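The chains carry the letters A, B, C, D, E, F, G and H, assigned in the order they are written, with residues numbered from 1 in each.
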Amino acid sequence: MSTNRKIEDLLNDFASGHLAKEDVIKRLRESLYAELEHTKLDIDRQARNGQAEVIFGENKSAQQIVEIIRSMQEQNIPVLATRIAADKAELVLSEMPGLHYCSTSETLSLQEDLSIYERAMAGNVVIVTAGTSDLKVAMEARKTLQVMGHKTTLISDVGVAGIHRLVPRLGDIQKADVAIVIAGMEGALASVVGGIVDVPIIAVPTSVGYGANFGGLSALLGMLTSCAGGITVVNIDNGFGAASAAIRIVNKLKTK
Amino acid sequence: MSTNRKIEDLLNDFASGHLAKEDVIKRLRESLYAELEHTKLDIDRQARNGQAEVIFGENKSAQQIVEIIRSMQEQNIPVLATRIAADKAELVLSEMPGLHYCSTSETLSLQEDLSIYERAMAGNVVIVTAGTSDLKVAMEARKTLQVMGHKTTLISDVGVAGIHRLVPRLGDIQKADVAIVIAGMEGALASVVGGIVDVPIIAVPTSVGYGANFGGLSALLGMLTSCAGGITVVNIDNGFGAASAAIRIVNKLKTK
Amino acid sequence: MSTNRKIEDLLNDFASGHLAKEDVIKRLRESLYAELEHTKLDIDRQARNGQAEVIFGENKSAQQIVEIIRSMQEQNIPVLATRIAADKAELVLSEMPGLHYCSTSETLSLQEDLSIYERAMAGNVVIVTAGTSDLKVAMEARKTLQVMGHKTTLISDVGVAGIHRLVPRLGDIQKADVAIVIAGMEGALASVVGGIVDVPIIAVPTSVGYGANFGGLSALLGMLTSCAGGITVVNIDNGFGAASAAIRIVNKLKTK
Amino acid sequence: MSTNRKIEDLLNDFASGHLAKEDVIKRLRESLYAELEHTKLDIDRQARNGQAEVIFGENKSAQQIVEIIRSMQEQNIPVLATRIAADKAELVLSEMPGLHYCSTSETLSLQEDLSIYERAMAGNVVIVTAGTSDLKVAMEARKTLQVMGHKTTLISDVGVAGIHRLVPRLGDIQKADVAIVIAGMEGALASVVGGIVDVPIIAVPTSVGYGANFGGLSALLGMLTSCAGGITVVNIDNGFGAASAAIRIVNKLKTK
Amino acid sequence: MSTNRKIEDLLNDFASGHLAKEDVIKRLRESLYAELEHTKLDIDRQARNGQAEVIFGENKSAQQIVEIIRSMQEQNIPVLATRIAADKAELVLSEMPGLHYCSTSETLSLQEDLSIYERAMAGNVVIVTAGTSDLKVAMEARKTLQVMGHKTTLISDVGVAGIHRLVPRLGDIQKADVAIVIAGMEGALASVVGGIVDVPIIAVPTSVGYGANFGGLSALLGMLTSCAGGITVVNIDNGFGAASAAIRIVNKLKTK
Amino acid sequence: MSTNRKIEDLLNDFASGHLAKEDVIKRLRESLYAELEHTKLDIDRQARNGQAEVIFGENKSAQQIVEIIRSMQEQNIPVLATRIAADKAELVLSEMPGLHYCSTSETLSLQEDLSIYERAMAGNVVIVTAGTSDLKVAMEARKTLQVMGHKTTLISDVGVAGIHRLVPRLGDIQKADVAIVIAGMEGALASVVGGIVDVPIIAVPTSVGYGANFGGLSALLGMLTSCAGGITVVNIDNGFGAASAAIRIVNKLKTK
Amino acid sequence: MSTNRKIEDLLNDFASGHLAKEDVIKRLRESLYAELEHTKLDIDRQARNGQAEVIFGENKSAQQIVEIIRSMQEQNIPVLATRIAADKAELVLSEMPGLHYCSTSETLSLQEDLSIYERAMAGNVVIVTAGTSDLKVAMEARKTLQVMGHKTTLISDVGVAGIHRLVPRLGDIQKADVAIVIAGMEGALASVVGGIVDVPIIAVPTSVGYGANFGGLSALLGMLTSCAGGITVVNIDNGFGAASAAIRIVNKLKTK
Amino acid sequence: MSTNRKIEDLLNDFASGHLAKEDVIKRLRESLYAELEHTKLDIDRQARNGQAEVIFGENKSAQQIVEIIRSMQEQNIPVLATRIAADKAELVLSEMPGLHYCSTSETLSLQEDLSIYERAMAGNVVIVTAGTSDLKVAMEARKTLQVMGHKTTLISDVGVAGIHRLVPRLGDIQKADVAIVIAGMEGALASVVGGIVDVPIIAVPTSVGYGANFGGLSALLGMLTSCAGGITVVNIDNGFGAASAAIRIVNKLKTK
C-alpha cells in the first residue's frame, strides 16, 4: 500500500470519526518514516530482481555462516558465501555436507554449477585474467555473477607477456556487455584490452607478484594511470566488487 | 570493401589471368596487415559514432594546439581541448579569437554551450560533486560528455557534511544511465550515493583538500575501499577519464 | 598535608629549636621534589575519581596479567585487561576461573556486565559503528568506559552503505555527551554523523577491509580529511584511546 | 510552527471541509520533507548560538570573498575569512579598506581584536604551540574561536626542546576547558602535555620542519601514536578544524 | 711503464748503488699507490674508447658549464651537456653562440646532428617510447648514445593504448643490440615489448602522467613487477642512465 | 612451410580447380592468423636455443609440480623449479625421490650439479653478493643460468662493510659477460662495483635487513638512484629475473 | 647564590624576626621554581662554553634577522645565520653591508673566514661529501662547527662511483674526532667509510638526485640500513644538525 | 713486521744475492696487497681492543650458531649471540646446556651477568627507555656494550606520558659518556632528553605500538625531525647498532 493511499485511509477514518485526531497525527508520522525506508527499498528493488544474497565470510565464524545459509535455504534463495578459507569451509561442510566448496574461489554454494541460476534477461560479462594465479579473484567474480543470474565467459592466462594469446579472443571481449580485466604484477593487461575494445571495462588489480608489487599496489597504480581511456578500477583482489559493478551496468542495459 | 571481398577479387583476377601469381601473393599479404589495422578501426568505429576528438592540452604548446584545432575545424569536427592553463589559453585566443575558454574546466571549445552537440541517441549522465572546489573536474567531465553528444545533469555541492542537501536529488541520480560522483578530502560522497542508488557509479577522487589528503590520496583510497558495493574509480582529478568510462557504458546502452 | 603546611611546620620546629638549620634545609629540599611529584598527582586525581586501572595486555605474559589482577582485587579496584588474545585468556582463566572473558573485545574482567560500575555523575557516551566487524574496537571502548563508571549506548552496523539505518538513531547521538564513531574501509560514517550532529566526535579508524585499505590507512586518512568540521581522530583500532579521550571530555562536563 | 501542529491544522481544515482530500495529502507530503530539513536545522541551531560564519578563502577569488563579506555585514554577522594569502588580501582590501588583515594567521576580519565578540557563556580554550613557526596555525584557531565568542589563551614557544619553559604554564592549561596543542617536526609537545594534564586535548600537527617531516607526516604520526592516553588529532595545519572541535566540546559544557 | 718494470728499475738502481735503500723503499711505496690508481684507470679505459664526456648540467651554473665546454673543446672532445633548462641554455649561448640547444632533450652540444660521431664499431640501440611526452627522456638517451659514437633508432608513440601501431615495428626492435623502452603512466609498453622480443631491454619509467602516477612511481613499480621476464629498469626519467647501461652492453658486444 | 609458400599452393589449387573459391578464402584467413602466431614463435626460437623450462613453484601445488616435472622428463628437458618451500619440496620428493632439493635456493632439479648442462656457446655470468643472507637469491639466479646452459661464478660476502674483501675479486668481475650484483640493506655494493668495472650490471635488491629496509625498499631505492652510471635493476629478491635479463645479454653476445 | 644558601638566609631572617612566616614560605616557594630553571641552565652551561648562537633563518624575515644579528654584535657573540636564501640575504646586506654571505652554504656571518674563531680545546671534525652537489649541506655543517670554535677538514667529491679517490683520504678520516659523511642518491658513501674507519660517524642524507630518490628518502633509508655497524643518521639535508651532534661528542672528548 | 721492514729485508737479500730479481719483484707485489689488507686490520684494531665477537643469529641455523660459539670458546673470546628466537635458543641449549639465554633481549651468552667483562678503560653508557616494551631493544644494546667491556646504566619506563619520572634521572644521564634513548610510538623521549642534557645522544626508534606507528616509522620520523638539536638516529629496533655507535664514541674518549 502506497504512503499516499495510507494517508487517504487515515483521512477517511478521521472524517468518519473512527480515529481521533491524536491517533491520526501519530499514524501519519509513522508512515512518514516508513516512506523514507520504503523509498530506499523501492530503489533497491530494481537491482534486487533475481538477486541472491552473497555472504561475505571473512569475519564470520563457521557457525554464523551455517545459520545464515540455513535461513536462506528456507527462503529458497540461491546461496553464495565468499572468502571462506579451506579450514572454515571444512567446519561448515561437516554440518552441511550437501554444500559445494570451490577451493579456487574460496566460495561455498548449494550447487556446484551456478550457471543453473541463469536468467533470460541476464547480462553477458566476460572475465579476462593475465595469469592462472589471478583465477581466485576471477572465480569469485564469476560465481557472484552466476548466482545473480548472469552469463559469464572466462578467458584466462592471456597476460601481456604473451600478447599473441590475447589477439584471437578480442572479438569475444568486444561482444560482451562488460569486461572485467584481472591482473597482478604491473596490471598492463587492462591497458592493452582497453586500448583495443570499447566495452565498459572494470579492472581488478590483484596482489599476485612479489617484491615491489607491495601487495597489489603496483597493479592498482598501473590501472589507475592507464594510458587507455575510460578504464575504471576496483579495490585490490576485489572480485566480488567487480561483479557488483558489472551488475549495475548490466541491470541498466536489461531494463532499457 | 571487406578483406574477404578483396581476396575474392584477387582470386578472380588471378583466375582470369589479369594478375600474376607473385602479384596476388604480394597483394594478399598487404591486405593481411591492412585487416589487422582495420580490425582495430572497426572495433573503434562503434565508440566513435558522433564522437569529437578531445585534445589533451597539458604537454602541448599553444602553437601545437592552434594547429590541431584548425585542422579539426576544416574537417568540421567539434573541438574540445582540456587542461589548458589560463596563460596558455590567452596565447591560443590571441590567434583564434573566436574560441571560447572556460576558466572553471580549463577547456577551449568552438562554442560556449556544448549541449548543442546533443544527439538523439545520447546517454543521460548525472555528475555529482561534493563541493564547489570539485567543479573544475566536474566541468571537464561534463564538457567531454557534451562534445561527444551526451546529455548531462550537474548536481553540485551535496557533500556528506550536509547530507540533507543530497536527499532531494537522489531521484534524479537513480534515473540516470550513469552517475559520476566527484569528491575530494575523504571522498565519502561516493559511498553514500552508492549505498542508496543502484546505477553504474564512476567515482573521481579530487586533489581538493590539504594536509593528510596527500594530493588526492585520501579520497582515492576512500573510494577504492568504499563500503558500498560496486563502485568503480578512475584516477585523481581525471574528469576526462570518468567521462570516457561513462561513454563506454552509455554506448552499450544505446546500441542495444 | 600540603607543601605549604609542611614548610610552616618546619619553620615552627626551627623557631622552637626542635630542628637544626641543616635538617630544616634538607627537609625543605625533600618537600620541594615531593611537591613536584605531588603536583603531578594532584592534577591526576581529578581524572582518577572513580577510575579503574586498565591493563594493556598485548606485551604482557599470562603470568604477569594474573599477578596484576590479583593485586588489584586485593585493593578492590575494578579490573579490565585489554588486548588479551584467546589463547592467553585461556591461560589466565585456568588460574583465575572466576574472571569473565569477552571474545569480541578481547578483554578480561571480574564481572560480565561492567555497567554495574556506573556512577551517579557518569557521562553518557554513544558508540557508533559502521559494520559488525568494527565491534571488537567498539567493545574495547565500551568496556573501558564502563569500568571507569560511565554510561554507554552502542549503535552498531549503521555504515553509509545503508544510510537509512542511521537516520532513526540521529536523535540519540545528538543527545550524548560525546560520540565515538568507529569505521573501517573509507571511514565515511564519521563525516556523515559529523555533518548532522554537533556533539564532540571522536573518530576511530579500524583496520577492517582489504586491498587498498592498507591496514586502516584509508579510514585514517578519510577521517583526518573529513569534510565535516570539528571531527577529531585517534589511532587505528584504538578503542581504548577513544574511550580515554571521551573520559577527558566527560570529566570536564561533570566537574563543571 | 511544528510539524505536528501543521498536521493538526490540516486535519481541522479537512474536517471542516475547507480543504479537499487531495490537497490535504499534498500538503501533508510537503510538510514531511520540510520536517526532514527542519530536523537538520534544529540540530544545527544549538551549535549556532552566537556563531559567526567562517569563510574558507583558499579556493575563492578576491571578488567572491568581497561579495560574501558584504552580504554578512548587511546581516550584522561577525566576519572571519581564513586561508587568505597576502596578495589576495591586498585585492580584497583595495575594495573594502575597512577590513583588517592578519598576516600571521592569513585571515581577514571586520575588527583587529576579535575578543570583542566574547560572550558571557563562552568557553575557555588554551592554545599551546611548540615553536614560533606554529603561530600561523595557532592564530587561525584563535581567531576562529574568538569570532565564535570564546575566550582563548595563547601559550607559545614551549616545545619539548626546552621543556622547562612549559612547566610554569601547566597550571593554566589544566584550568582550561580544552587544550589545543600545536606542533610540527616530531610533535612531541602533545605527548608531554597529555601526560601531565587531563583536560580534553586536540593535537594539531603542522607542516613546520624539513627533510623527513614529509609535509607534516612526522608530527601527524607522532600525535596519533602518542604514548599519552586520550589525545585526539585533527588534520595537518588545520587550526580551523581544531577550533571547531573545541567548540563542539565547549558548547556541551556551557549548555549543561 | 708498468709497476713491475718500475720496481725492476729501482732494484737495478739499488744494485748499482745509484739509489740508497731509504729512497728505494720510499719509491716502492709510491709506485704501490700509483698502481692502485692505475688499476682503476686501466679498467676504465676499455669503456672510454671513443667516449665523449657528458656534463650533468642540473646543479652547475651557466658559467661553470661554459668553462667545462671550453676546456673540452680545446681537447677536441665531443661535447654533450644534459639537464640544461631553457633559461640556463640562453645564458650559455650568449657566451658561446656556436653551440646548439635541443629544447626537447634540454641538451647543449657542438653540433646539431650528433650522428656525425658515429663509429665503425658502434652499437645499434633502438629507443621506443609510449607517447610523445616521453620524447624528452628519449632524446636525452639518444644524444648520449650518439655522442658516444653509437647508432640509434627512435620509434615513438607506440604505447599500448594503440598496440596495433607497435606491431609493424617489432622486427626492428628484435634486430637491435639493446632496446630502451620509455613509458610513463602505467609503463605497460615495457611488458608488451619484453613479452615479444628477446633482446636486452632497459626500461625507463617517466614522470609523465598525473594523479596516482606519483611522479613516475606507477610506471616504476609497473616495470619492476613486469610479467615479462628479464626486463631491467633504471631510475625515473633517467635517459642518460639508460644510455649508459646500453653502452655497457654494446661495448661487450663489440669487443668480443 | 612459409606463409608465402602456403598461399602459393592455395592459388595453384584454386587455379587447377582443386579448391573452391570459398575454401581458398577460408584457408587464406587461417594462414593469416597462423602467421601472426608464427612471427611470435620465430622471434622466440632464438632465445630458446638450449633453454630449459623453469617452473615458478610459488602458486602451484605439489601435485601440479610433480605433473609438470614428469612431462618435462618425458621430453628430456632439463628441469628447474623455483620458489619451492621446504614442506612443499618434501611432498614432491615423496613422489619423485630421485629429484634434488637445494634448500638455499629453494629449487628442485633432476641433478644436484646443474653445471653439467653447460653449453659450448655459453655466457660467463659473475654473481656477486654482499652478505651470506643474499645467497638464496644468488643461488636462484645461478641455477637458472646453469640449467639454461651458462657458466657462472659466485663471489659472495663482499659487501661494502668490508670493501677490502672485494678488491681482489674486481679482475674476475671485469672479465665476465655480465655481473649480477645482489645486496640487501642499503644495496651499496652495486654502486661500488659499478663505479669500478664497466661490464653490464644487473642489480638485485634483497629483502635482507630489518626496520627501515621495508622489505627491500631501501636497497631498491638505493640501486635505482646509484651514483654509478649505467646500473640496471630488477625486482626485489628476483634472482630468476636477473638471470633472465643476463641471458638476454649473453644470447646477443653469443649470436654475434 | 645557591638555593641552599638562599634557604639558609631565609631561615636566619626568620629566626631573627626580620621576616614573617608567610613571607618565608612565599620566598621558599619562589626559590623552588628558580632552582628548577637553574638546573636547566647549569646543565646547559657546559655545552655553551665558547658557543656562538646560530640563527635558523628559514622562517624569519630579513628585518627580524637584522635585529637579531645587531643584538648579537652588541654582545660580541660570533654570528652565523643559516638557511638564508639569496634574495633574503640581499635584503639583509642592504642594511648591514659589512656581513659576509656564502651562497654555497646560504649563510650570513660577520667574517668570511670563520676559522678565526677556532679555540685551543677545539675538536677536529672531518666532513666528507660524495659529490659537489652535497657542498651546500657540508658548508652549513662546516660553518656551524667553525663558529662554535672547532677545526674542520673538508674532503669533497669522493663518492663511491669513484672509490679510488676515497682511498688516499682514509687516514685523515681515521684521525678525526668525528666524521660527518654527506651523500645523496643512494648514500652508499656512509657505508663504505663506516666499513673501513672506526671513528664516530654522523651520516647526512641529502636531497640530491631525482626520480626515485624521493627528496632524499633513498639516501635516508640507505644510511639507516647501512651494513656497516654503528653509523648514526640525522635528518635529510641537516648540516646544522650533524654539526650539533658532532659538537656533543667533541665536547665530551675535550672535557675529559 | 711492518711492510717497510719487509721491503728492506728483500732489498738486503737482493743486495746480498740471496734472492733473484724476479723473486724480489714477486714478493714486493705480495707485500703490496698484504699492506692493503693490513691497513684495514690496523685501522680495525683500535676498535677491537677488548672486543668480543657478536653473532647476528637471525639468519643462522641453530647448528651454525653452535659451531661458531664452540670455536669462539676455544679461542677464549667472550660470546654474545643476538636475535635468537626462543625456539632456536632451545635447540642451541640442548647441545650447549652451559649457555645462558636471556629471553628479554633474545641473546645467548656464556655468562648470565656480562658485567664481568667490564674493563678498566670502559665507557659509561646510559640506556634510557620510554616503556617496558622497549626493554628487548635496550637489553640487546646493554649486553652488546657489556660483552665489549663497557659499563652501562639502564633507566627504563620514563616515557613522556609521565615526564615527572624522568626528572630525577636527568643528572645520571648528563654524567654519562653517551646516552642511548629508546622509544616506540611517537619517540618523543629522545626530544625531551635531548632538549635538557648535552651528552651525545643516539636515538633508537622501536616498533612498539600499533595502528599508525607502521612498524616503527612514527618513532623513526619523530626522532629524525626532533626539535632538539644534535640527536642522531639508528635503524628501528637496532639495539646492537646503537651500542656499536656508542662504542665508536667511547673508544675515542678513552684513547684520548
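Just so it is clear, a residue touches a chain if its C-beta (ideal position, glycine included) is under 8 Å from a C-beta of that chain, and two chains touch if they have at least 3 such contacts.
From a predicted model like this one, the values you see are computed outputs, not experimental measurements.
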item: Partner chains that chain A and chain H have in common; value: C, D, E, F
item: Rounded Å distance, chain B centre to chain D centre (Cα mean); value: 40
item: Distance between the centres, which are taken as Cα means, of chain H and chain G, whole angstrom; value: 26
item: Residues within chain D bordering two or more other chains; value: 36, 40, 162, 164, 196, 211-213, 217, 220, 224-225, 229, 235-236
item: Touching pairs - complete list by chain label; value: A-B, A-C, A-D, A-E, A-F, B-C, B-D, B-E, B-F, C-D, C-G, C-H, D-G, D-H, E-F, E-G, E-H, F-G, F-H, G-H
item: Parts of chain D lying in touch with chain C, wherever the complex brings them together; value: 39-40, 43-44, 46-47, 170, 174, 177-178, 196-202, 220, 224-225, 229-236, 240-241, 243-249, 251-253, 256
item: Chain D - residues contacting chain H, complex; value: 130-131, 159-164, 183-188, 191-192, 194-196, 209, 211-214, 217-219, 221-229
item: Chain H - residues contacting chain C, complex; value: 132-133, 162, 164, 167-168, 208, 210-213
item: Sites on chain B touched by chain F in the complex; value: 3-4, 7-8, 11, 14-15, 21, 24-25, 28-29, 32, 35-36
item: Residues of chain H defined as touching chain F within the complex; value: 33, 36-37, 40, 58-59, 205, 207, 215-217, 220, 235-238
